[in-house]
Amino acid sequence: MVEFFQNVIAGLETGSLYALAALGLVLIYRTSDVINFAQGEMAMFSSFIAFTLFQQTMSYPVAFLGAIVFAVVLGFLVERIFIRPASKATLVSKMIITLGLIMIFNGLASAIFGIDMHPFRKALTMDNMTIGEVIIQPNAIFIISITLVIMAILFYMIKNTLMGIAIRATAQNETTAKLMGVPVSKVYSLSWIIATVLGAIAGVLIAPTTNVSTTMMAEVHLKSFIAAVLGGFGSFVGPVVGGFVIGVFDNLVGYYISLQWKTVIVYALLIIILIVKPTGLFGKVHRKKV
Amino acid sequence: MEPILQVENLSISFGGLKAIDDLSLSVEKGSIYGLIGPNGAGKTTVFNCISRFYTADQGKLTFQGNVNLLNYKVHQMVDIGLVRTFQNVELFKNLTVLENLIIGQHSMTKGGFFAQGLRLPSVKREEKRIRDKALEIMDFLGIRGIEHLPGAAQPYGVMKLIELGRALMSDPKMIILDEPAAGMNHSETQTLTDLIKKIRDKFEVTILLVEHDMNLVMEVCEKICVINFGKKIAEGTPNEIQNHPAVQEAYLGKEDEVHA
Amino acid sequence: MKGILQNKPFLYILTGLIVAMIPLVTDMDRSTLTMLNLIVIYAIVAIGFNILLGYAGQISLGHAAFMGLGAYISAYFTSNFELPFLASLLLAGVIPMVVGLILGLVALRLEGHYLAIATLGFGVALQQTFKEWIGFTNGFSGARAVTPEIFGFALREREHFFVLVVIVCVLLILFAHNLLSSKTGRALIAMRDSEHAAQAMGVSLFKYKLIAFALSTFYAGIGGSLYVHLIRFTEPNQWGIDVSLNLLAMVVIGGLASIPGSVLGAAFIVFIPEFVKDIEWLQNIKNVASIFTGVALVLVILFFPYGLARISTQIKASLLKRQKQPIPKEMEG
Amino acid sequence: MRNYSKKGLSLAFIFVLLFSMTACSGEKSTSGKAKEKEKVELAQGVTKDSVKIGTIGVQSGALAFIGTPYFEGMEAYLNKVNDDGGVNGRKIELVKKDDEFKPDKAVQAMESLVYDDKVFAVVGQLGTPGVMATESIVKDEGIPAVYFGSGAKQLTKSGENFFPVQPNYYYEGKLMAKYAVEEFKAKNVVVIYQNDDVGRDGVEGFAEGLKELGKSGLLKEEGKLAVGAADTDFTVPVQKAKSLNPDVVIVYSLAGATTGILKEFEKVNFNVPMITTYSNADASFLALAAPGAPNVIENLHVMGWVDAKPEKLKPLMDAMAKYFPNQKVINAYTMAGWVAAETFVAGLKEAGDNLSWEGYIKAMNGLTFTDGLAPEISYVKGKREGVTKMALSKVTKNDKGAFIFELKTDYTEFK
């Protein structure tokens, strides 16, 4: 039973990072209809900024904030330079642009930061707590709660603020939103900025586990896609739940079924869920309009 | 005259809202039958049920006396002789005009997978046959000369004709037209009125249409069914309908300008 | 004469003939020849993938795994059962095709991005199976393949192998071309353009989605088989998502729903990194090839959205209506 | 457009005919080529003042962190040799090819080295997929190939012209078993291994080693725990390991996964002796792993096949400082590259002016090299095992509180 809880808590910890990244994916997808395959690489870039700043200043908050500021700029620039000029391109074409961005960012990162792995510190370095025999790291609690807080803020903003309403309107129907006077181009910029920041946070928080390197986000990125699909691209709650589910499920399958076949089992289950519920766990099925 | 299509007690609802409520109607073979009603009355929904895009919650759909439509899937409709057009013209934008028409013969086009890949003589003959047939129909519709242009780059009226031609290609027994005159100007509508009659006579088909344009409906249809809120409120000849009090109240009365 | 030049099958055969001859009459480096072989092999896979993406409008991000499956099958049957090369080539097409049908069934339920991720997951799972099913794949030690023999003639030289891959490629191009310009092709395009209208015209989505997946995985398997007999080695890490993404890039860069485009796209993706690596003053920058390919990808999408194969048409069109820009500026909200 | 005539068919026929004709003529031209080759084969890539050698390995992409230091180590040594006047008056020229860790690129690279650049030897080819894919070319051509940056075990049986140096993972695994049994008196062992070519060979070798020592019972089937190189969560294998209550844990994974595993050990306070692979035997690994696991890392033992004593490493450090002054990372890969060059040059010196492939292979066959970083490399009597003597070091804190490796055992062989 101890092992069970240990696995679940760790699953929630990594799962919350998948969730953050997935939320970014869904935000961009809902507003600008792009699946951003470069999200992981962008987060990696931001993490390198955090690492570099930390090396310079030895202050974790400064490094963290620096990465976020960088992510804001990066998200803005990527949308302006690469995505907006292609706004009339097909969905697949936009997807390919983000694939091109993977190559560009990965190449640039190793050209600028080098190809070595670097250790990075945790957000909280206090001693572990124990409940019964289950060991809980304060850092894990921090990660899970920061994820939940960010989500809460985001949900609140999207539900209640003007910008949030604009985002939802654009997500529903771009043309109508434009006609209604929603500053659609600002909404695009904003959603890319928020998404890139979310990715950066996920990157900085996973860095203590994966080390800072050009490949650090590979797994998180792939899992965030699955989280988004599992929860459904149609809602903002879905990907969050999807992230937690993937994180926990991954560990439970590894522990109780097979470490070697874990990946196959998780993906097979994903496909089965999709077949049963093609729009994800939280997606609504619409009768197609003819 | 025997009925070609019988709709009995058709009902369908979306999320608790009844779109069609216990609707029955019967279309006679060889006739031109109109389905009208105010916006949101459920006309297109009826069409979607008949053409099997929607599966009704209850009701019976019988075609040619003994064919239960509920046993067939959407793509099998053309096989049994029932073909439809769409409200917002759905042409295939990456096919040429000619190819758009040829698709209409899809189910009747012979030739297996490998025969096509190897382009056996039988496939070549078949291609020639359907091509000639398509050209013939284009002649009939008066749209020759644009065969090799992209289907979706034509004027709206022409696209409507192409879609009509595509439907005719499938050797239908019955054609369902979803607002054929939508987006057409007066003279185009006039041409369409004649065309619909000509099609019925030449191809010996039954035509069921949903339409907003009252002139067209009154002029072309032999029998009209009026629905509102998913329910049938009247059925009869154009004359009967025009003088039907319930219809005037529900529909014509409010939209006098249509008559003007 | 003009008629002949407009006869596409004739042009395909003629081009194939000329291309196959080039290495035989010129003196090329062996490594360059290997690259040419790879280009044609990837072209085969890209053509299949284009049938799926360009014609049928179905996306897959797991197609590398099917190429890998073809490679493993061919390596396995030629080495372990001494199956003749041509028979194993066929088998390497047919078995992935059957597996591809399963993916096609998945595609019947899913659309767009969901399909993209489901296929991505399928690819990862298949690749993971290569890693774990050691009896069949020999795990990370890799599977070896023999030099192919056709009617007793061993294709040891790259020039000869090239003739083989070009012949296979031309045959598959002709098959694809014929199929796509008949009933099946029209049905696929119709399905991509409007599923509703296609269905209403009697096109069975079930049948044609399955056909598209089956064809594309067949081509991928054939490509995989040729690949493994050229390189004579394969291992599981090769068949990951990066190759799937490359396939996607080939098809989009070359031009959706264009057979010559697929070939151009394959050449572009295989050749450009090699080309960039040979530019001396760039060599000090790490990963310059990757940056360059990425930039090229983005530029092609932004400025030649119809693909390399249609650049001339695009330029002609934009000259005709000069007032209309190929990429309309976005309206500000 | 669609008048496919019979012309198409008849042309296809001509095409096939032409193919068979060209196939025949092609054969002629190749036999011509082969003859040409024989003439130059005597010393391809060798002139009176230079020897051209080639190498292949990953220099870009995700695994560049291996290739970059590795090739730097190699170049540092070669630059040093050249600056000291070369070998018998011949400067060594190195042609580097990037294979991105992909077999097809490796094949192209090997082809251009052997047939186009016409190098004398292939030295220090890096990466198992590439090495495996090009093995048949090297074998067919008979070109000397010295040092493989690969732990694949079949290289020891590839042929006369193959000169492996780096111990293969399978062998290392066997040796680990010996240490586990003899040094640690283990009763119950768990292996956490990276589930790829590295870890699988390691765990297989370990099991075989136990078997040969008659101790198969030490490692149970459920004690073999797989991790992925890119995993983000190591809770499961560590929980499983802990629940099996082992007295020694083998961590057979590369730096990335190993640091993750160590952190998880630290988190659950799992203190048990650990042995890891020689791939992690360097200071940069410690710099990466120690911050996240300051306590448990002192339980870590590492295998080593290069003598990393400061005085032995001095030439390497000096050369790196001279030729790659900006490189701060000097790790096991740098040392490996250095040894690759060292071993090749040792053979070159031995061969003197007899620089045909046969001459070089003959010279190597008489070589027992003990002056380098590796304690002993010998190819005498057709031996092709590479380095077989390895030693165990333990992580400790030095006086300044920094983590270092401390040699614990002598260099020993498996039996």
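Just a few scattered comments:
For reference, chains read A, B, C and D in written order, and residue numbers begin at 1 within each chain.
We take it that a residue touches a chain if its C-beta (ideal position, glycine included) is under 8 Å from a C-beta of that chain, and two chains touch if they have at least 3 such contacts.
Computed from a predicted model, the values in this text were never measured in an experiment.
The greater number of contacting C-beta pairs, out of the two interfaces B-C and C-D, is seen for C-D.
Taking each chain's centre as the mean of its CA atoms, D is the chain most distant from chain B. At the centre of the protein atoms shown, by the Cα-centroid criterion, sits C. One simple way to say how far apart two chains are is to compare their mean CA positions; for chain B and chain C this gives 41 Å.
Distance from the chain A centre to the chain C centre is 31 Å, each centre being the mean of its Cα atoms.
With centres defined as mean CA coordinates, chain D is found 71 Å away from chain B. Touching of two or more other chains is recorded for residues 178, 196, 286-290 of chain C.
For chain A, the set of residues touching two or more other chains reads 106-107, 110, 115, 260, 263, 288, 290.
The set of chain D residues touching two or more other chains comprises 2, 4, 60-61, 64, 68, 195. Residues 3-4, 6-10, 13-14, 16-17, 20-21, 24, 29-31, 34-35, 38, 131, 139-142, 144, 153, 157, 159-160, 163, 167, 170, 178, 181, 227, 230-235, 237-238, 274, 277, 286-290 of chain C touch chain D in their complex. Chain C makes touch with chain B in their complex at residues 175-176, 178-179, 182-184, 186-187, 189-190, 192-194, 196-205, 211, 257.
Looking at the complex, you find that chain D touches chain C at residues 1-5, 7-8, 11-12, 15-16, 18-19, 22-23, 25-27, 29-30, 59-61, 64, 68, 98, 101-104, 107-109, 111-112, 115-116, 128-129, 132-133, 135-136, 152, 154, 195-197, 200.
Within the complex, the chain B residues that touch chain C are 51, 53, 73-79, 83-84, 86, 90-95, 99, 102-104, 106-107, 109, 111, 113, 116-119, 123, 127, 166, 170.
Residue ranges on chain D touching chain A, taken from their complex, read 60-62, 64-65, 68, 195, 225-228, 230-233, 235-237, 239-240, 243, 255-256, 259-260, 263, 267-269, 284, 287-292, 329.
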